[in-house]
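Dropping the structures in below, format is structure tokens.
One chain, chain A, links the two complexes that follow: it is found with chain B in the first and with chain C in the second.
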Partner chain A sequence: MDLRKNKKRDALLTFIAIAAMLTVLLVMELTMKSTSILFTVLKKGMIYALVAVSMNLLNGFTGLFSLGQAGFMLIGAYTYAILSMPTSVKLGDTVYKYYDCAINLELGIFPSLLLAGLFAAVFAALIGFPVLRLKSDYLAIATLGFAEILRAVFQWDKMGPVTNGANVLRQYKDLTKLRIPFTDIKFPPTLFCFLVAGLCIAIIVLLINSSYGRAFKAIRDDEIAAEAMGINLFKHKEMSFVISSFFAGVSGALLAMYQYTVQAAQFKTAMTYEILLIVVIGGIGSVTGSCIASFLFIACNEWWLRFLDESSNNILGLNILRSGFRKVVFSVIIMIIVLFFSKGIMGEREFSWNWLHKRKKTAATEEVSGDG
Partner chain B sequence: MSEPILSIKDLKVNYGGIEAVKGISFDVEEGSIVTLIGANGAGKSSTLRTIAGLVKPAAGSIVFRGDDITGYDTNVIVRKGITLVPEGRRIFPDLTVQENLRVGAYLRSDDISGDFQWVYDLFPRLKERTWQAGGTLSGGEQQMLAVARALMSKPKLIMMDEPSLGLAPLVVRGIFDIIREINAQGVTVLLIEQNANMALKVADYAYVLETGRIGLSGTGKELLTNDDVKKAYLGS
Partner chain C sequence: MSFLQNSLPYILAGISVGGQYALIAIGYTMVYGILRLINFAHGDVFMAAGMFMVFLSASMPLGAAIPLVLLLTVLLGFLIERAAYKPLRSAPRMSVMISAIGVSYLIQNCALYFTGGLAKVYPQLPWLSDTVTVFGAVTKRVTLITPVLTILLVIGLSLFIKHTKVGIAMRAVSKDFETARLMGIKVNSVISATFIIGSLLAAVGSLLYFTNYASVTPTSGGMPGLKCFVAAVFGGIGSIPGAVIGAFIIGICENIIKGLGWTTFSDAFTFALLIIILLVKPTGLFGEKATDKV
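Showing the complex of A and B:
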């Protein structure tokens, strides 16, 4: 009984917290300058949170060590950019300078986002057949390989009429082109990122807590036992792989919206490693961990450590600050985190209201005993 | 005699390039406890893994309740009512006791609350530990969880691979009491054991496996008093 009551209370608290967060975000966007670095961090942080959670679904919850995330983001970003680009731009000379664009189709933002995810998912389903028979490191190498092949193919000359070769894609429907439906009023871009990515993360969380999620975790814990319980290993691995890739595709599309331009060269292995870093720092097998780590990572990378790159700021008269120094400090921070939080910030735990409640209670009792 | 619930004919299994099981035949009567005993490498585990569909047989047939299930996938076999308790317990360490049990009932779409009640009545120790992670249980409790998890699929035949492995004698006795209890409630049991003494005491019928072939067979009591069995497996 008590448990059920708590569940109801937790759902209500979560709902209130999310509503409050979105309201604060909306007010901030309406009152603050839109070029503020805070919004950059929030937008990029949320997009990375989505891809990190999708990677965590595979690595943390299904136990599949896959490193193909950048590849699926690439598919998502390109699909979105190409499909949402106005036909007039495609026919013109500003983007497709050296090729005649072969796709004469223009879709809205939501269909393009959805198709971005679907294309990534279809590709994942296809490579899943050979790749998912591999285990651990071999799976990582194979998925990494496919992601690299994909990048090469998208940059290939012969693919020019579709992907514009190695040249950038732009003038598609990016975040600045968002409008509130049926009006000409701008839709707050950060709020849009939070709504779309938040919805996707919520779907992943529901999946993890469903019976499918339990099967994924069983496979992660012990494949043989899971199979003996009647869980079809390949089917469930493929499902997890496809779903994870779908959301990686959507986050790729969101990244394209955020960036205004898309180029295949950006989606290197280094990008997958950044995401892996977020997953590891946050805690493998923790959704909230991935989200927290994502915002911290992006904030450090883009904002808080920026001052280290400016050579005009001297410390004690020493001229050690110069461009690139930020990365040195950043690496040291990461090493410290890995040394002292070897399971990441959250480990395998999730944020829960119960935990907060208990902490408040112990703090209160400590205060009381302190007074006496 | 009534039709056996499980009937194995000339089963051959190749495992890692060698012929682990070289053509064995045996029957399991409905409602009985049948045990396969034998030394390491006699092919006991391979036999069970093949019946469960984890390994595909090279030849022979497996008939369960009149259906030929030879070479079927594990999920089909579990649905038909055969569940394996794998060797070495293999519970899911990061899932809670309750989640472990839910995974056991993964293929079922009907109401499982009654079955939770059933296994918690069989294993009151697990009920106290519902929210504990499986990996934090003691060895004996993990074995209970492994059996309980298999029971959640509501099997007609439960196969146990070395349930006494690595457990203290007192705990082993507890496990065998549970096996009797489960059997008394109508579940047929196929048991593999190296602890031949205990296994023969609970078994209605027993087969002795020697390097992939069936040597002796008889009721548990007969084999317990058999001189060859005594010498080879009972150490007296």
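Showing the complex of A and C:
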């Protein structure tokens, strides 16, 4: 009885919190300058949160150490950019300068987003058959290898009519071209990122809490025991891999929308490493951890540690602060977290209202006992 | 004859690159043999050796710079092991790998800071950088020196591992970590020795590699690093001759692919090879029979 009541209360609280957050976001976007760095951080942070959560689904919840995330984002970004590009641009000379575009199809934003995820998922399903037979570090290096192969294929000049070779794709439907349906009013871009990525993360959370999610966790903890309990190892691994790739593809598409331009050269191994570090900082096996860490990571990288790069801020009279110093400080912090706080921010815990409630209660009792 | 003249430069370049890869691949294979760790930072140690050379040669004669570069690289490899891998000895393998990725990120960012993001011109090494003509193919002398030097170093290393006390200890530790410790082998110093040898060979490799490529960037260690790991897996990880042969094969194939005009795929080929080898013969060419890879 009490439990059910709590559950109802938690659902209500979550709903209110999300609604409040979105409202605040909407108000902020309507009142503040859209070029503010805050929005950059929020948009990019949310996109990275989605891909970090999708990686966490594999690494943290299924125990598959995969390093192919950048490759799936690449598929998503390119699919989105190519499908959503207006036909007039494709036929023109501004983007496909050296090739004749082979795809004469223009889709809306949502079908393109969905197809971006689907293409990534199909590719994952295909490579899943050979790759998922490998374990731990061999799986890592094989998925990383596939991501590199993908990057090479997308830059290949024979693929030019589709991918525009190694050249930039642009003038597709990016965040500035969002409109409220049937009107000509601009849709707030940050809110859009939050809605789409938030919905995706919610789906992943639902999946983790379902019976499939429990099977994933069983595989992570002990493969042999899981198999003995009747869990089909390959089926569940493949499923986790495909779903994770789907959302990586969607986040790649969102990244393309956010950036206005896409180029295959950007989706390097370093990108996967960054996402992995976000997952580690947040705590392997914690969705909320990944989200928090992603915003912290992006905020530090793009905003809070910027002052370290400005040589005018030198206090000691030494020439230490200059471009690039921020990244050094940043990677030292990451190393400290990896070495000494290997559980990350959240460990395997998740944010819950119960926990908050308890914290408040203990704080209150402490206060009382302190008075006495 | 014309075929030979057209393809000889590529084959020569392949053998040379293969030798340079071999020197790096040995570091991977030795570390993996002992710690079961893919040392993602090894490629960046190799890049760091190139950077040391760029900065040192600007301020002192080459005769002093080269030994100092070797020394600094060895020190870097030793420090990485002590600072980033030793505290995690009893942690799960995944944590050590993440730590290795973190170190790689750190070294790359440090290099980015010190160079300001610009590609640094690698100093010309006299004699090595001279051009020579072999059967009508023009190439740098380093191309011819590399395979010879590589093979000499590998023979030296094999003798070292076979006959010296440290070498025997290394083999014991890679066979069985716990038992070796019970037999009174100082496991930590053996691991340090492994990293020192690996870094030294990577430093020699970087001297040869960058003489050919003429410039160093903070990310120029990443791709060779991954390729050399593939070479180590291809040859059978843990086996030194395997790593060397794997590296030569990859180096030669890569350059033949470039010669055929498929330059975009020269990197992709390496990974395709890795995936095939992992699926068909996961122990590699010369690997041990017992394996937990698949």
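Please note the rule applied: the second predicted complex is superposed on the first by the 370 of 372 C-alpha atoms of A that agree within 3 Å, B and C clash if a C-alpha of one lies under 4 Å from a C-alpha of the other, contacts with A are read in each partner's own complex, and residues count from 1 in each chain.
Operating definition for what follows: a contact is a pair of C-beta atoms (placed from the backbone, for glycine too) under 8 Å apart; a residue touches a chain by one contact, two chains touch by 3 or more.
Please read all numbers here as calculations on a predicted model, not as lab measurements.
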Chain B versus chain C on the shared chain A, clash or fit? fit
After the two structures are overlaid on chain A, angle v-u-w for chain B, chain A, chain C in degrees (C-alpha centres, nearest 10): 80
Now for A:Gln155: first (chain B), second (chain C), both, or neither, which partner does it touch? second
Could you look at A:Glu348 and tell me whether it touches chain B, chain C, both or neither (first, second, both, neither)? first
State whether A:Ser211 touches chain B only (first), chain C only (second), both chains, or neither. first
Output check: A:Met229 vs chain B and chain C. Expected answer is one of first, second, both, neither. What do you get? first
Which partner does A:Thr176 reach: the first (chain B), the second (chain C), both, or neither? neither
If you tally the residues of chain A touched by each partner, is the higher count for chain B or for chain C? C
For chain B against chain C after superposition, the smallest C-alpha distance in Å amounts to 10
Kindly list the residues of chain A that each of chain B and chain C touches, one partner per complex. none
Sort out for me which residues of chain A touch chain B in the complex. 211, 214-215, 217-218, 220-222, 224-232, 285, 348
Which of the residues in chain B end up touching chain A in this complex? 52, 54, 73-75, 77-79, 83-84, 86, 90-95, 99, 102-104, 106-107, 149-150, 153
Which stretch or stretches of chain A touch chain C in the complex? 65, 130-131, 133-138, 140-142, 144-146, 148-149, 152-153, 155-157, 268-270, 273-274, 276-277, 280, 284, 322-325, 327-328, 330-332, 334-335, 338-339, 342
Touching residues of chain C toward chain A in the complex: what are they? 37-38, 83-84, 87-88, 91, 93-95, 97-99, 101-106, 108-110, 112-114, 116-117, 219, 222, 226, 229-230, 233, 264-265, 267-268, 270-272, 274-275, 278-279, 282, 292-294
